[in-house]
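Below is a structure I'd like to ask you about.
Letters A, B, C and D mark the chains as written, and numbering starts fresh at 1 in each.
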Amino acid sequence: MQLLAGLLFAPLLVGLVRRTKAIAAGRRGDPLLQVYADLFKLARKGAVYSRTTTWLFRAGPALGLACALAALTLLPMGGTSALVAFPGDLLLLVGVLALGRLAMLLAALDTGSAFAGMGASREAWFGTWTEPALLLCLAALARVAHDSSVSAVQRALGPAAWSASSGALALTAASLFGVLLAENARIPFDDPTTHLELTMVHEAMVLDHGGVDLAMVELAAALKLWVFASLLASVIVPVRTGVAGIDGLAQLAGVAAVGLALGAIESTTARLRLARVPQLLIGIGVLAVLGVMLGAAPEVGP
Amino acid sequence: MTLLLSALLVLIAGGAGALAAWRSERTATALGAGGAVAGAALGLVPALQVLAGMPLATLDLPWSVPGGRLALGVDALSAFFLVPIFAIGATSAVYGSAYLRREAGHHSKAAFWFWFDALLAAMAVVVTARNAVLFLVAWEAMALASYFLIVFHHERAEVRRAGWIYLAATQLGTAFLLAFFAALGRASGSLDFASFAARGSGAGALFALALVGFGTKAGLLPFHVWLPEAHPAAPSPVSALLSAVMIKTGIYGIARTLTWLGPPPQSFGVALLALGIASATGGVLLALGQRDLKRFLAYSSVENVGVIAVGLGLGLLGSSVHAPAVAALGLAAALLQVWGHAIIKALLFLSAGSVLQATGGCDVERLGGLLQRMPLSGAAFAVGAAALCALPPFAGFPAEFAALLASFRGIGYGSLLPFSLVAIAGLGMVGGLAAAGAAKAMGIAFLGEPRSPAAAAAREVKRAMAGTCAGLAAASIVFGIASPVVVRAARPAIELIASAEPGLDSALRGLEALLWRVGGFGAGVLATAATLGLVRRALLREREVRVGPTWDCGYAAPTSRMQYTGASLVQPIIRQFETLLGPTRIEAPPVGPFAAPARLDQRAPDPIGERGFAPLFAAVDSLALRLRWLQSGSTHRYVLFLVLATVAIFFWKRG
Amino acid sequence: MIDALVWIPASAGCLAFVLPGRRSREALLLGTALAHAAGVAIAAPALGARAWGGWLGLDALGLLFLGVTSALFAAAAVYAVGYLRREGAAVRADFEEGFAFSNEPEAAFVGCLLLFLASMTLVTLARHQGLLWVAVEATTLATAPLIYFHRHHRSLEATWKYLLVCSVGIGLALLGNLFLAVSAAASGPTSSLLLDDLLANASQLRREWLEPAFLLVLVGYGTKMGLAPMHTWLPDAHSEAPSLVSALLSGALLNCAFLGILRFVQLLGAAGDVTFAAGPLVAFGLVSMALAALFLVRQPDYKRMLAYSSVEHMGILALGVGIGGGALRGALFHAVNHSLAKAMLFLLAGNLLARFFTKRSADVQGALVVAPVSGALWIAGFFAIVGSPPFAPFLSELSILRGALAAGRSGVAALYLALLALVFVAMSALALPMALGPAPAAARRGREPWSAIVPPALLGAAVLALGLWLPAPFASLLDRAAALLGATP
Amino acid sequence: MRSLVVAILATVLVTDFRLLGGSRLAAMIRIAGVQGALLGALAAIAAGLRADTATALALATMTVKGLLLPRLMLRAIRRVEIRREVEPLLGYSASLGFGVLALAVAGWLAAGLPLPRSDTPALLVPASLFTGLAGLFLVVARRMAITQVLGYLVFENGIYGFGLAIAHEEPWLVQLGVLLDLFVAVFVMGITVFHIQTDFEHIDVERLVALRDDAGGRRRELP
């Protein structure tokens, strides 16, 4: 369910963000479906590979996309369990996202390009902060939900949970949103549209990718954004009617709202100085810690 | 037990045979390496039997030395540690027999194999001894054997220095163990393990002694200083053996200690957790700055041992509040990491050895492009690097998963909340930093363009060496997927450590089920990636695929010197921690109109060594030199001392 | 019967002074060493034998030290044969300062060596406190010419210091023995300084004389034994004497002085006042260990290093005896182990000296390359002397540690361990680099003579064997010796 | 008889002070000889021995301590032309001050050591202890090697004096011990000093300090 929705709508979400930004900037912007067109066009292109690169460069995007897809299978939709759901799958989600990141890092370094190296350096740097922050966010959610499966967490985060520990959930949601921004190379951490080499992170890593590889990278990025947005939507949209359709739609709406919010932020905020980024990330981590601490009263016994 | 004894005999015979055949290098290698492999194979059988649930008779013979008994036993805990000792031992021997052939110099390869086999035998006795004297003898034999292996290249001064640091550190650690065992045996008057009963009072002090003593061998943070010196100095098969297996005997010691001290109070868990988090984060941070591949790996071992300690700590904390789920998950994480890290670190050190032999150096800033030149070794290293970051579906992940899950469960117990939070944040941080480190090790050393002529001229190493690494890489994937088998094997050992906490068993079975799913999921990810690779190939089949230079935003004449260096890759991360690490850069910027050439040195200081131990040693040193006037050569003074001693003692006893 | 053990080396020693010819002297030396060893082996089962009207006798304690002395002397005698052939009588240049010097006449050297053996045997056999004292004094007389074998100013200085400091110490010990006589005088008309009488009437000994007597003897014999701060002569004498003499000084002579103290501990034990001895012994033990450890740090001269290590081990012995119980047995065991290991190391130091022509450890490197056997044995000896298993000192040091903990003296145990660790760190920084590394060009290479290798190798094998297996007779000898000193097993 | 013993002991005390304050080497050696002879006389009258034993002992002591040793040392200083001053490390008045202090200490120690036999002169123990302390003081506080031997001789005189207190219990052993000790110490030391003075004139023999550990230059870097 989620897999389907993700594959279908993830590029749309990217389009939505872009469109929002364009409108805010007073332009008309690309069509919402432009991303799909780009992906298809890229997939049909040939490729140029550097002599420096090895199989790792070619495997990177595929592995990255596989990881994004795998992450998608862990996410539930509208209260129904995800394709893969078991206690602890929250950690697996973190794990596959990290694997995808390492694949991209190594693929970037394989080119021997100074820009790719710089991008990889920054990506790795941010990762050292986002990973604990994400884990803490998930810990906070798991605490409120008394479970460590994404699906169960989503089921549990209904209005009851919100009324019981609204503070914790609000903090966690804020923190999660911050992680989303950082992990997906959004402003204020990175600028997905910039091509000023010295400032970019994610884009610098994929400079040498082209054709189907770039398509995979772009799709993986879109899916990753979708994964985070969907996760965030599960938290901030506490609609749990029990009817899968309604809940699913509510979640989709939440995702869309996240997309709009992203667009709004990117239109109004400037990119942070690099040196300030960790400070913001630490702040996000602190929010998550507070989120865990404020969570529901501890249960007694096993 | 017969099998184990014959394994020990074969090892000793192999080593002695190698020594006896010192005239013929070939015979010595055949006997030494053959003995190691044969002995390990023999020894694996009883270990696996015990893990499969077949109890093994213990050996208990009188021994005339004071307090000693020749008591050997293989219980679940011993067997669990025996398996990596023998498995990695045999692997390293196979690799080493090929590796050593190209090590020039006047070193005695016969002596190498003698000590190698002795080290294996000593480690096997360490984990099976059931008497403290026997244990300590084996423990020291292990230290001696490893010392002689480390100083194999003793014609180099830095190797001798590294060996000395190792020896000093291990001896200081052993001093604590002597105190520990002597104190433990005081109550019962015997040094047999069987008589070490749980004691209410004094357990805390005993545990502290054991923690320092065993922690030194394991390489836990404040006591780790020997590790980054010794492992790079040793020949690579030895580094692999030390890092993958020998430091785990420290973990074994801590685990064994826990079986004697009764139900652990919360403080034990807190101490282990604190040490573990400090080692994990400190280790990985220090690893990041290293230029030397093997030094990097050594610090990474500090990190990984830290993760083991975190697991143990969480397990004990769970035990202390009677939370079997947390206890089971924590301890399982620790034991999973013992095996997982053994595979990963053996793989990485052996691959690093291949790099060393292919290029003559391990400085990442002079490497690069090795994946093209050494495809098999490079691929194996890539797998190892991914496993090092604890990513699914590789060998490091199951332990990370279990440890994090334990912390997630621990959040539910009020008193464990702060500890769980620390563990989650710490492990998350370690994961991110490890990824940066792995990117540096793999990305700078193996990818991109070669940064030196030596790297450019590298060729794939001998098949036996590359094949061993490839086999270990495969093992690391299999381990990541089939880890529940290990949990099952570790179950009785975990029950020993946690002293039969009720509910442990079912929690462990639950973990097994979860890990099957995790493994399956990981396999699925790999399969998906493979499928996508096929899709990609299909898409590209009819398209034009060209090969050119790296685009790099259009630079037409890139040189390898324009690549990002390893130091710059991790520089933003390192700089954040300068307050902890001390200054990492020595800058001499250009000044004035006719500036001298500017300099920028990156260094990777070890704050514990530089600001902790070095001043301590310097203080002892200066105290010693300040007392030298006592021996001034003047007989007048000497007689005066004599008289003063007489006077003093009379005033003391008769005054 | 047992008095032959004294007569044989004594008469052989006198004979050596007048005997012409190197060969005959060599035969005399080796023959006497062999005869002495055989005599000890024959006498060993006859524990309790008496001679000279009870003035001589063999008990477990004496036999323990006698056996060690005899074994060490045999090793040193074999070594001496090769050593004297190498040294020769010609005028030679000193390798430290370059001046010319000659050696003592060989006859005097061999004669003094044999008289030294006789006097040490007398110490171990003496059953009369006065005779014991005379014997200890006789060892001083016999050893002074041995230390002054190389006739140059450094060895003369060492001899002078040895004589002066030890004589003052021995004088104090004499005063102690006089005090003991006063103490015994009060116990009745049959009083004498015969050990058996004293032990029998121990309860009647006057405490107010016995206790100061012990203190004086402790300081006095402690000087000869090398307890700090009276140890000052020891590094000089050990570093300047020929290596085989250093081996005997460190391995056998120090033990003899130790035995003198032990006899008083035995008396105090019999008098029920053993706790009085504990404090001073532990104090001297710890001070010796601490000072030795600090002087071992960066000790530039490797023979002095070995000498300070002897001070440290004498401290361990005093500490073990002071603690009592299991530590006492450990201390006796340790005395044997230290003697074997230290003698081995001093002989090896002589080998290294013959190869590298320097006593500075910084200038010695690559012994494993220059002299592979000596180098390997040197490493083994180092690990033995610092108490690493599988060598026997590990077991005895562990026993002392356990004894300290069993006696509830955790603080002493902690200090003891810390000092052992410091010694290890300091010595390993000095001793191991000598064996490892590339060899300097100036070193003399070539085959090592068997007489220079076999004795240290056998001593090393013995210390290794004792670390792996205690023969039952040896263990029971230790038990009985410890029981004499009042230790309950 | 008793008053004679006291007079001899008092004379011994005076010789001690004379030694502490003495500055001429030859004179001091003679005084030490006188002291030895006095003690020999004491052995004859105060030890409570049988007449023949006492006579033999007194004669032996007087010969060795009073004649032989001083002659030996005098010959040594004449042969090798040692400086005639004793070169104190501690000044003469301070030395005498120390003497007063040492006398007090000796008295205090003797008070704590009651002799078992009442017929022993009361002054014997403190006087011999003081003589011993004075001897040790000379060893420590006078620079030359020959004065150290002299100090040792005086130290031994003190021990000998104490030995007289119990000579009736262990007559031969005690005396033999003392004489043997002296023989070893003074004879061997004398030979050594002789060697020092004759063989190595080019060295500063008064300061035998080549063997030491505090030499600054010989440091070794820790590896």
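Just so we're on the same page, a residue touches a chain if its C-beta (ideal position, glycine included) is under 8 Å from a C-beta of that chain, and two chains touch if they have at least 3 such contacts.
None of the values given here were measured: they were computed from a predicted structure.
Common partners of chain B and chain D, by the touch rule above, are C. Centrality by Cα centroid goes to chain B. Summarising the inter-chain contacts, the pair of chains with the most C-beta pairs in contact is A-B. Remark: chain A and chain C have CA centroids separated by 77 Å (rounded to whole angstrom).
Separating the CA-averaged centres of chain A and chain B is a span of 35 Å.
Averaged Cα coordinates give chain B a centre that lies 43 Å from the centre of chain C. If you average the CA atoms of chain A and of chain D, the two centres end up 97 Å from each other.
The set of chain B residues that touch two or more partner chains comprises 157, 160, 164, 621, 625, 628, 630-631, 635, 637, 639, 650, 654.
Shown for chain C are the residues in touch with two or more other chains, namely 160-161, 164, 168, 212, 235, 295, 298, 429, 433. Taken together, the chains touch in the following pairs: A-B, B-C, B-D, C-D. Here chain A touches chain B in the complex through residues 43-56, 58-59, 61-63, 65-67, 69-70, 84, 86-92, 94-96, 98-99, 101-102, 105-106, 108-118, 120-122, 124-125, 127-136, 139, 142-143, 146, 148, 197, 207-208, 211-213, 216, 274, 278, 285, 289, 292-293, 295, 298-299, 302, going by the rule given at the top. For chain C in complex with chain B, the touching residues are 160-161, 164-165, 168-169, 172, 211-212, 215-216, 218-219, 223, 229-230, 232-233, 235, 276, 279-280, 283, 291, 294-295, 297-298, 326, 329-330, 333, 369, 383, 386, 388-390, 394-396, 398-399, 401-402, 405-406, 410, 413-414, 417-418, 420-422, 424-426, 428-429, 432-433, 436-438, 467-472, 475. Interface of chain B with chain D (complex): residues 157, 160-161, 164, 617, 621, 625, 628-637, 639-640, 643, 650, 654. Within the complex formed with chain C, the residues of chain B that make contact are 63-68, 106, 133, 136-137, 140-141, 143-144, 151, 154-155, 157, 160, 163-164, 167-168, 171-172, 175, 178-179, 182-183, 185-186, 189, 620-621, 623-625, 627-628, 630-631, 635, 637-639, 641-642, 644-646, 649-650, 652-654. For chain D in complex with chain C, the touching residues are 112-117, 132, 136, 139, 145, 148, 152, 155-156, 159, 162-163, 165-166, 169-170, 173-174, 176-178, 180-181, 184-185, 188-189, 192-193, 195-196, 199-200, 203, 208, 210-211, 213, 218-220, 222-223.
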